[in-house]
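Below: one structure, written as structure tokens.
A, B and C are the chain letters, set down in written order, and residue numbers restart from 1 in every chain.
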Amino acid sequence: MKRAPVLTLLLLLAPALLLIGLLALYPILRVLALSLFRTEYGFADASFVGLANYADLLSDRFFRRATWNTVLFTLLATLFEVGLGLLLALLFHRRFPARRWLMPAVVFPFVLSTMVVSAIWRAWFHFDYGFLNNLLRALGLPPVKWLFDPDLALLSIVLVDVWQTTPIAFLVLLAGLQAIPEEVVEAARLDGAGRLQILRHITLPLLSGHLLLAALLRTIESFKLFDKVFALTGGGPGNATETLSLNVYRSAFRFAEVGYASAAASIMLVIAGLLAAVYARRIVQGGRG
Amino acid sequence: MRRALRGGTPLSAALLVTIIALAPIFWMVATSFKPPGEYVSTSLRLWPRDPTLVHYRELFAEGFLARLWNSLVVTAGSTALAILAAFPAAYALARLRFPARLDAAFLLLVLIVKLLPPIVVAVPLFQILRGLGLLDSLPGLILAYQVYTLPFAIWMLLGFVREVPWELEEAAMLDGAGLPRRLLLIVAPVMRAGIAATAVFVAVLAWNEFLFALLFIQTPSRFTLPVWIATFITEDETFWGKLMGIGLLSSLPVMLVVGYLQRWLVTGFGGTGR
Amino acid sequence: MSRWTRLLSGCTLVGAMLVAGSPEAAKLVVAGRDGGYGKALALAIGAYEAANPGIEVEQLALPYGGLYEKLVINLREKAGGIDVVMLDDTWATEFMAKGWLAEMGEADADFVAPAVAVSRYPYPDGTLYALPFVGNVELFAWRRDLFEKYGLAPPTTWTLAREAAAVIDEKEEGVDGVVFRGVKGNPIVTGFLPILWSFGGRIVDEQGAAALMSPESLEALEFWLSLKEYAPEGIETYNSSEVRDALQQGRVAMSIELWPSWAPSLDDPAVSKVAGLVEINAAPGEKTGPAPMLGTWLLGVAADAPNAEAAKDFVAFVTSPEMQKRIALEVGIPPTRASVYGDADVVAKYRWYPNQREALMNARPRPRITQWSKVEAILGDYLQLALIGEMAAKDALAEAHARIERALSR
């Protein structure tokens, strides 16, 4: 860390500040302000209602369910993705033939556009002709209502998300494993530690920073979940897969209740802010420590 | 013998994972060669009985190349803009002392934006773009994408700047190099792998973005690939062959870049976990 | 300079060039539906471009919900990106009342009266803001062969229809009794409305206040829910393509709703296993007579259209008798002109056109209120919650009523 003239700081930050101010800060402030109004669109036709939008939200079954769905999805997706990502990273950290060729293949789902991913899985989930149910029938098992059983639909979307984005967690954790000095592991092995012992007492503790990073990365993305639900179920059946993003979208664009949508969006912002605070602490500490 | 077995177990596990990861993609490729009569089927047969190139011919006839160009332009533009704006900011945050912990405040803002569900700012952004006369245009999309790409780039580059040894800069300072020279000639080249990794991730974000492109582009000839893809799912009919053909075509460029840069992608994450 | 800085500066250069020059060609942007409607528009656009060499037309083809959202955000902002607007007649009141559409002059007398009435604001004889493009009316489809096989009476009332559904569902192997659209939003509501109306229920009263909660509505909802037993598995996810496929593949005996644009493929032996076997007429009645629902698509010109004159010319061209006939014959999209319904070629091709015309002439529009899209979205949500069994019929109805009331009060 070194001191610098304020002007230098400003010049360095100017492009980023300008873009963020224009594209994010102004919209955020506007959303916060609009959440106190009843309006179809902007301030022109708005009437001030104080916190009434927030009060309405708390008793709105769709908003409550959307919050629950978002939390559940975020937890499940993060858990599975970091868990599987860890297993994959441990696997690919070892040397074996064709490793160089198999790795890009494992990462491939991540580079596909979410629209394409959703289209593929829509076809695979189809009750009558989908590949998954064809497979089940061929094995003599009953077909599964992947997307229209209210208890299962959200899990099906988790499955798609795990398939598509586990590579992110995998890459982060592989980078973490490669950063662990060989000597540490070697020394433990010479002391007679078994593979599991090394994993538990050496590898995992040293990897904790990356594990947290992977978990945060996935938490953030899962929390925003929109396009997969939009393309796969539209939030249905009923409201079984409606997420907060979709709830905001529907309030704003389908119901033209922008004040109400802004209140929901503000709640999302607060949650995002809390996550960000946890995150920023780590990064700032990382810089200082 | 035992060594061979121990080498073989990871290989078979990796092969299994690869098969699971690639099966839906294989289905995508196969379906893009299927004649329409073979979409609806209860058999497990993956490869088409009667492969055809008709979907690809139609995609090219309906303007695939023009949409590809749009996507390339938007991706290149947003990536360049994001890196150019993020690099100095990341440097300042990593290296310089801010008065009154403003660095923490700025980082928090960046992170909130990064966490921001894009839908939250969609309507105000629409108005901003209209005010700038950039609605329904590719430059407008490049600008709007900074909501996603800039925070991501700042955050990722931050870790890489920290890894550049301060001694290198000190040495340059002794030679009389000012800040701009140091940034361009010392810091940027040393962290080029990090910049490359960041650029790839930012580019993938921009390449696949759907929501803003859907809301801000009206004229069909200016569609990017993801929005164009969505037009093959209509209410009457889903054009599986074309949909999967475009899925393959639009993934190939990204796959090539990622494959080429895979070594850097992994090292790219090395600095960010600490 | 390293490879990377070179690459970066290359990217910047490309970016700068693009920001500098994005040429604007003079052209017409037409925003409309996808699928069959999109094909009809494409056909008309091709013909229009051939007849007007100076004009280039770009077609934006979107699904139902996507089109509504796109239109609202653009028209409200007066973004000027769209010239010609294709709109569902249920959106018309909102679009016209808010001044989003340009005045259209006069419609000639050949247009079908109910379709012209919804193109005016105030309804039914105010200023004309659009011209009817697709003469949709909700019909009902049933398999005459299966009804005859089991000696069932034609489904002239909903009760008869349900009885038949039960019999065929049980006895005919691989055939479900009835099908409808269960996807929430517009589809589920359009499927339910004819039943609601014929049981004497309604959503809003003459004063535009919420009127959903009534014994008649509850009876209608419970009746509609009882049909699920005879419907295919997964009906909650059925939209038009699933309904059409189920009919074409001979997997269902009846469809609560059939839109004229789905009908031609049913008689096409190349794609249909039931060619000539499906009877198509107005939906059954119950307490009241049949209540065919109007579902016309209109073409209007955006109030902020960059090329308003050319846009109006285009709308007149697409809705002309010649073009309407071509679209009916080549794409199977129903016309909005009496003369085309009387045309010998058209009637020879589509055997159900007399029934369709009859239904269209007597069709009833959905409520002419500016908040219809909201109301429909709310009702759609609760209908689906009831359909998947997450809410009891009565609770769903009461909560939908309360939310509709709140939406209408704003």
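Here is the rule we use: a residue touches a chain if its C-beta (ideal position, glycine included) is under 8 Å from a C-beta of that chain, and two chains touch if they have at least 3 such contacts.
What you are looking at is a predicted structure, and each value in this text was computed from that prediction instead of being measured.
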- Message: Is the chain-to-chain touch network here best called a line, a ring, a star, complete, or other?
- Response: complete
- Task: Select, from B-C and A-B, the pair of chains that is joined by more C-beta pairs in contact.
- Result: A-B
- Whole-Å gap between the CA centroids of subunit B and subunit C: 37
- How many angstrom between the C-alpha centroids of subunit B and subunit A? 15
- Message: Residues touching two or more other chains, restricted to subunit C: which are they?
- Response: 73
- Task: Enumerate the residues of subunit A that touch no fewer than two other chains.
- Result: 41, 128
- Multi-partner residues of subunit B (at least 2 other chains): 40, 81, 84, 123, 127, 233, 238
- In the complex of these two chains, what residues of subunit C are touching subunit A? 65, 68-69, 72-73, 76, 183-185, 233-234, 236-237, 373-374, 377-378, 381, 384-385, 387-388, 390, 399, 407, 410
- Note on the structure: In the complex, subunit A touches subunit B at residues 1-4, 6, 8-9, 11-13, 15-17, 19-20, 22-28, 30-31, 41-42, 88, 91-92, 94-99, 102-116, 119-124, 128-129, 131, 134-135, 137-138, 163, 171-172, 174-176, 178-179, 209-210, 212-213, 220, 223-224, 226-227, 231, 244-245, 248-249, 252, 258, 265, 268-269, 272-273, 275-277, 279-280, 283-284, 286-287
- Note: in the complex, subunit B contacts subunit C through residues 40, 73, 76-77, 79-81, 83-84, 123, 126-127, 130, 135-139, 142, 184, 188-189, 192, 195-196, 199, 214-215, 218-221, 231, 233-238
- Touching residues on subunit C, where the partner in the complex is subunit B: 2-5, 8, 11-12, 14-15, 18-19, 22, 29, 31, 33-36, 38, 58-64, 66, 70, 73-74, 77, 79, 81-82, 239-241, 244-245, 262
- Item | subunit A-touching residues of subunit B, taken from the complex the two chains share | 7-8, 10-11, 13-15, 17-18, 20-22, 24-25, 27-28, 31, 39-44, 81, 84-86, 88-89, 91-99, 103-104, 106-125, 127-128, 143-144, 146-147, 150-151, 154-155, 158, 162, 179, 204, 207-208, 210-211, 225-226, 229-230, 233, 238, 240, 243-244, 246-247, 250-251, 254-255, 258-259, 262, 265-270, 272-274
